[in-house]
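There are two complexes below, and they share chain A, which is joined by chain B in the first and by chain C in the second.
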Partner chain A sequence: MVRYLIERFIYLFISILLIITLTFLMIKALPGDPFTEEKALAPEVLTKLKEHYNLSLSVGEQYLIYLRSVFSGDFGTSMVYPSRSVCDIILDSFPISAIIGLQAIFVSATGGILLGILLQLNNQSRFSPILTLTVLAIISIPSFIAAPLLQYFFAIRWDVLPLAKWGSFSHTILPTLSLAAFPMAVIARLVDVKLSEVLKSDYITLAEAKGLSKFRILFRHALPNTLAPVVGYLGQTSAAILTGSFVVERIFGIPGLGTWYVASILNRDYPLIMGTTLFYSLVLITLIFISDLLYLALDPRLRRRYE
Partner chain B sequence: MLRFFCQLTLIGLIPLLSCCHQNSLPYSKKNRLRINFYAEPGTLNPKGTTFSYLNNIYPMLFEGLMRFDQDGKLCTAMADRYTCSDDGKIYTFHIRNAKWSNGEPVTAYDFEYSWKQMLDPHSPATVASNLFSIKHAEEVLAGSIPPSHLGVYAPDAETLVVELNYPSSYFLEELTLPHFFPINRHHPDCFSQLECIGNGPFTLKKWTPQQEMELLKNPRYWDKKNVHLDEIHISFLTDINTELRLFEKGQLDWAGGPLSTGIPTHATSRLNKAGILQTRKSHQTYYYSFNLTHPLLRISQIRKALSLSIPRREITTHITAGNEEPAYHFLPKELSFLSDKEVWLSDEELVQLFNDGLEIVEPNSRQTPIVISYNNLEHHRAIAQTIQQRWKELFDADVRLRPREWKAHISEVAAGNFDVARFSWLGKNSDPYSYMELFLDPHHSMHGTSWQSLHFRKALLHSKEAESPEEALSSLALAEDLLDREDIIAPILYQNVVFVKNPQLQGFHIARFGIVDFKSAKFSTQVEER
Partner chain C sequence: MSSPTVLSPEAFLPLNKKLLRRDTPRYRRRKKLLSDPLFLIALFVLLSIMTFAVVAPVVSPYSYQKTELAKMNMAPNLSHWFGTDELGRDLLVRVAYGARLSMMIGVLAASLDLILGVSLGSLSAMMGGKVDYLLMRLMDILYSLPHMLVVIIISVALGTGLTSIILSIAFLAWIPMARIIRADVRTIMQKDFLFSAEALGVSRLQILKKHILPNAVGSIIVTATMTIPKAIFLEAFLSFLGLGVEPPLASWGTIAAEAVSFIEYHPYRLFIPAGMMSLTIFSLNLLSDRLQKKLILKV
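Our next item is the complex of A and B:
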C-alpha cells in the first residue's frame, strides 16, 4: 500500500512539471500577447510594458523565473486585474464553481444510478424505448442548448427560478441541472449495461434461489459490482465539473473559475493562464488518485496486488 | 418495486422545485439604474483605461476638464473657463471649485500629476500614446527628457497650462475621454474594491469581484443638482443572450452597446420591428483590407471590382439590421471630403473590370485562392459568407473563409498572414487625421495592407504643419483622395451603437467615441416618443 502511494506521488510530481512546461511553451506559441489591442500601442509603450513584465527576456529565462516563483508558492498577479493575485482569483472563484459542481455530481450520481436501475428493471416493459430515447436525447443535447432551454421554461415561461446571476441557492439550481444532465445520462447508461451483465451472473441466481427479496439482491449484491465503472467515470468528470464549465458559467453569468479560465486565455493573461491550468490539473490528478483509491476499496483483487 | 423508485425520485424532486422562491431583485426601485458590462473593469484607476468599452465606468466616477452634456454639446466641467492662445497651441484652464469624494479640493496639481503618471517611463499607461498631442510627451515617455519638461504645468492650484505640439481644434473634445481624467495626487493608489476617490457624479459603494458594482450619487459633486439617479448597479455578464433575456424580464434597464458587445444578431430585426431598438450614429467604419502582396489583390482593377461588388445594402438591411448606413469611403460621412454618392457598376462591367485585372496576373497564379479572415463572431461570419458567395458567383473566384480568435486575428494580420481581413476603426477624435494615420504604417495591425505611398504620407503629415486651417483641410482632402483611389481597403458600412433601454430612461448621452454618459440620466414617467 505504501509502495503504491509513493509510486503515485512520484507520478504526480512528474506530471505537474510536465504540465507547467507544456502550458508555458504553448502560451508562448499563441499568436498575440497581453498587449495586442485594437489600437496598436505606441512602440515605446510596448517596449516599456514588456520590460515591466519581464517579457523582453528570452523564453528560457522567463521559464526559469516562473518555475522559481511557483515553487516558492507565488503564482504572480493577473495582468488584466493588477490589484488581484492569481491565488486570490482562484480562491474567490473556485468555491463558486465547486458548489455548483458538487451539487451537479450529487445529482448526476444519484439520478444516474436510479435512472440506470429504472432502465434495467424496465427493459422488458413498453416504457423501455421511451426511457432509452430520453437518456440518449440528454446525452446528445449540448449544454449550450440545454441551458437556454432551462432558462426559457423555468425563468421566463413559468418564472419560478432566477434567470441568471449569482446569489442565493435558487440561483444554483438551473446551472446545476444543465451541468448534471450529461454525466447523469452517461452514468445511467453505464449502470444499465453493467447491471444487465451482473444480473445474469451465477451469484445472483444463487441469491434468488436463497429466496432473498428483489430489493436486497439489487442493492446489497448487484449494485456494488456495477459501481466500478461509475466511480472511474466520475473521477475524470468531477475535475471538469468542479472547476467549472465555461459554457454554463457564461450563460448563467456565474463568477466561477471556468469563466476566468477562458477569459485569461482570450486576454493572454499569462500568469492567470498558468495559475488556472495548474490548479485544474492538480484537481484532476487528485481526483483520479481518489478514484483509484476507491477502486481499491471496491475491488479486493486490486488491493491484493499491492500487499 | 418500480413504484418505490418513482416515489423516491419524486420525494427527491420536491425540495428541488419548491426551494426558496426569493429570486428576482425588487423590481425597478425608483432612480436606480441597472446596467450590465460585458466584462469587469480591470481597475478603477483612469490610468488603467484601455481601448475598450469598459471605459464607460470612468465618466461615472471621474470627470475631466470638459464633458458632453445630454444634448451632445461640449461643456466645461472641472474647468470652469479656459483660454486658448492665438496660435492655438497653448490652452489655459481655470479649475472650478470642486471636491474629491473624500472632501479634498480638486486642484490643477492633480491634473498635472495624473497626466505625468500616464507617461511614466517606467510603467506607462497602455493608452499613453493618446497624450502625444501634448508637447514633449513622446520624449518624456521614452525617458529622454525629465517629466518636468512636459507641456503641462500648474502655476497655482487653480490654473493649468497645456502646451500642444501643434494647434488642434479637437483637443477640447479629447479632454472628455478617460485618459485625461485626474486622480487625487495625495491618494494615488486608492482604487481598491472598498474605496475609490473620484470627482465624478457617482461614487463607489460596493464592488463584489466578478459579480457587481454599486455606485451612489456623489454628495460632494459640484453639479449634483443635475444628477438625478440615486444608484447605479452594474453587473458583469459576458453572454449577450442572457443580457437581453434579463432586460426583457425587466431586470436590466439597458442591453447592448456600448456597454456590452451588442444585441444578438438574431434579435435585432425582431426588436427593430417591435420599435424598441435604439440606434445612435458612431464614427466607426467597418471595412475589409486587402493584402497587396497577394498575386491577385496586387492589381488595383481586381481590388476595385471586388470592393464595388460587395452587396452593402443587403448586408445593412438583412444582416446587421441596426439602421446602419453602407460605407463607400473609409472616413465617416461627416468627416469625409468626398461625395458619398454610390458608385454603381452593372454585373457585366464588374466582371469586365475583374477580367481586365486578371490579364495582368501571371497565368499560373490566376487561380490563387482569396481567403477572408475575420474574428469569430456571429455577424462577422454572416457578412463574410455573403461577400464570399457574391465574389464566387460573380468572378468565379476561389474564395475561402478563415475565422480566428480576436487577438490571433490582429497579430496574424500585423504579420502579413492574410489575404482579405475584416476590421473596424474608430478615430480617437473627429480629426480626419486620426483615421488616416493608420495608413502611415504599412503594416499597422488594423489593416496590414503593406501599402506605401509617398504622396499620401506627405499630404497627411503636411496637414499638421500647415500655416492655416484651410491649408490643413486641403491637404487632408488630398490625402483622402489618394487613399480612396487605391482601393486598398473596401469600406462596407458605418457601424451604429445599437441597444435597447428602459423606455422611461432619458437624459443620457452617447458620444461618438462609444462612451455613454449617465450623469444627467433620469427615469421619466412619460415614455419618450421614438
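Our next item is the complex of A and C:
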C-alpha cells in the first residue's frame, strides 16, 4: 500500500515535470512571437521588450528561469494584457469554470449511475436495444455539438433558458448539460457492464437464496461493489469535462478559464498558455490521483493486491 | 450373402471438407457477425456516407471553394440540397469534402496508432525483462498526461495543417493499443502451440507473424475501430479551438464551427454537418461494440 502510494507520487511528479518541459519546448517551437504584428516598433524598443521578457537569453537559460518561477508559484504576466498576471487571470476565471465543472461532474455521476441501473434492470425486456442505442447515440454527440443544439432548442426555439453569457443559475444549466451528457453515457455503460458482472457472482446467488428482495440485493449488495470502478473513472470524467469546457465556455460566452485559454492560444500569449496549461494539468493529474486513491480505498480486494 | 457396397473414405471427402470448414471458429464468428442486424445497419450507414463522400463532389456542378456572394446563406432547396454558407458556397459539396477529410484523418491516425501500438506492444511482451519494464513505465507516464492538453500543445507548436493534426492525435493514441496487444501477446505466449513452435526452432519474427498476430487480430480490429471515431472527434475539437485545417479546406469540424455563430437564423448549417459527424461516430461506435461482442478471440 505504502509502496503503491510512493510509486504513484513519483509518477505524479514526473508527469508534472514532463508537462512543464513539453509546454516550454512546444511554445519555443512556435513560429513568430507576440511582437511580430506591431510593425511600427523600432528595433531598440523590440530589443528592450525581448530583454524584458527574457526572450534574448538562450533557450536553456529561459527554461531554468521558467522552472524556478513555476516552482515558486509565479507564472509571469500576460503578454497581451500586460497589467494582469497569469495568476490573477487564473484565480479570477477558474471559479466560474469550477462551478460548471462540478455541476457537470455531479449530473454525469448521478445520471450515469441511475441510467446504468436502468439499463441493467431492463436487460431482458424489449426496451433493452432502444436504451442501449440511446446511450450509444449520446456517446456519439460531442459536447461542442451538443452545446449549440441545446442553445438552439432551449434558448431560441422554446425560449425557456438564457442563450448565453453568465449570471444566474439558469445560465449554468445548458453548459452543464452539454458537458455532462457524454460522460454520463460512458458511466451508464460502465455501471451496466460492472453490475452484470457483479450480479453473476456467488454472493448474489446466496442473497437470492436467502430470499432477500430484489431491491435489497441490488442496492445493498450489488451496487457498492459496482460503484468502486465508477469512482475510479471519475478522474477521467473530470478531465473530459474540464477540457470540454474550453469550447463550451466559448460557445456560451462564459468568462471562465476555458475562454481565456482559447484566447491565449489564438493570441500566442506564451506566459498565459504555459500558465493555464500547467494549471489545468495540475488540476487534472491531481483529480485522477485522488480518484485512483478513492477507488483503492473503496475496494478492499484491490488494496490486498498491493500488500 | 452379397457383400455390402463399401464406399471409399475419399467419397466422403468433399462433404467432410465443407462441414469441417463450417465448424472452424472463424467461420462461426463470421456467420454470427453477418446475421447481426445492428452490425449490418452500422456497416450500411458507414458505406453510404463513404459513397456520398466519394461521389457527391464528382457529380455536383458546384465547387467546394468557389464563392458566390449573391447566394449566401440559402436554406436547403432544390439546387442546393444542403443550402449554402455565408460565402455562397454549396454546403453539400463542402460536407462531402469534409467527410473525405475527417475520414482520412480518422483512418490515418488509426493506422499510425496500429503500427506503433502493435509493434511496441508485441515488442514489449516478447522481449520481457528490462525492455518490457521501461516501455510500460514510459506508457504509464505518457498516459497520465492530460490527453486533450497534449493534443492542443502539439498542434499549437506544429502549426495548423493536416500533418500536425494527425501527429498530435497519434502521439498518445497508440498507448491503449500497445497495452491491449501486450496483454494479448502475453496470454498467447503461454499457449502450448507456442512452446512447440519454439521447440521446433521457429524464429521469433516468424512466431510473431504466423502464430501470435493472427490470434490477436480480433482485439486489434476492435481497438482500431475505436480509434477512428476518437480521431474524428479530436479533429473537430481542434477546429472549434481554431486549430483545424486552413480554409478553404473544410472538415466536418470546421464547417460545424463556422456554423455556430449563425445558429439563430441558419440552424441547418450546423444540423447537417453535425448530424453527419455524429452519425458516423455512432456507426463506428456501434460497429466496434458489435465486433467486440462477437469477434474477440478466446484462445
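Note that in this section the second predicted complex is superposed on the first by the 274 of 307 C-alpha atoms of A that agree within 3 Å, B and C clash if a C-alpha of one lies under 4 Å from a C-alpha of the other, contacts with A are read in each partner's own complex, and residues count from 1 in each chain.
Definition applied: contacts are C-beta pairs under 8 Å (C-beta built on N, C-alpha and C of every residue); 3 or more make two chains touch, one makes a residue touch a chain.
All of these numbers come straight from a predicted model, not from anything done at the bench.
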- Quick one: chain B and chain C on chain A, clash or fit? clash
- Message: A:Ile251 in the overlay: touching chain B, chain C, both, or neither? Say first, second, both or neither.
- Response: both
- Task: Identify the partner contact of A:Lys214: answer first if only chain B is touched, second if only chain C is, both if each is, neither if none is.
- Result: first
- Scan A:His52 for contacts with chain B and chain C and give back first, second, both or neither. first
- Query: If you stack the two complexes on chain A, which partner ends up touching A:Pro148: first (chain B), second (chain C), both, or neither?
  - Reply: both
- Once the structures are superposed on A, label A:Ile156 by its partner contacts, choosing first (chain B), second (chain C), both or neither. both
- Using the superposition on chain A described above, determine whether A:Ile14 touches chain B (first), chain C (second), both, or neither. second
- The answer to whether chain B or chain C touches more of chain A is B
- Message: Applying the document's definition of touch, where does A:Leu296 land relative to chain B and chain C: first, second, both, or neither?
- Response: neither
- Item | Which of chain B and chain C A:Leu266 touches, first, second, both or neither | both
- Task: Classify the contacts of A:Ala228 with the two partner chains as first (chain B alone), second (chain C alone), both, or neither.
- Result: neither
- Query: So which chain B segment collides with chain C once the two are superposed: 22-30, 148-156, 166-174 or 382-390?
  - Reply: 382-390
- Message: Counting contacts the way the document defines them, which residues of chain A are shared by the two interfaces, the one with chain B and the one with chain C?
- Response: 30-31, 148, 151, 156, 250-251, 266
- Inside the complex, what are the residues of chain C that reach chain A? 38, 140-141, 144-150, 152-154, 156-159, 229, 233, 236-237, 240-243, 256-257, 259-260, 263-264, 267, 270-271, 274, 277-279, 281-282, 285-286, 289
- Query: Taking the complex as given, what residues does chain B use to touch chain A?
  - Reply: 1-2, 4-5, 8-9, 12, 16-17, 19-24, 39-40, 42-43, 48, 50-52, 121-126, 128-129, 132, 138, 141-142, 191-193, 209-211, 235-239, 241-242, 245-246, 248-249, 251, 405-408, 410-412, 414-415, 428, 441, 444-446
- Touching residues (chain side chain A, partner chain C) in the complex: 11-12, 14-15, 18-19, 22-23, 25-27, 29-31, 129, 133, 136-137, 139-142, 144-145, 148-149, 151-152, 156, 239-240, 243, 246-247, 250-251, 262, 265-266, 273, 277, 280-281, 284-285, 288
- Query: Tell me, which parts of chain A touch chain B in their complex?
  - Reply: 30-33, 35-42, 44-45, 48-49, 52, 80-84, 92-93, 110, 114, 117-118, 121-122, 148, 151, 155-156, 160-166, 168-171, 173, 214-215, 250-253, 255, 259-260, 263, 266, 268
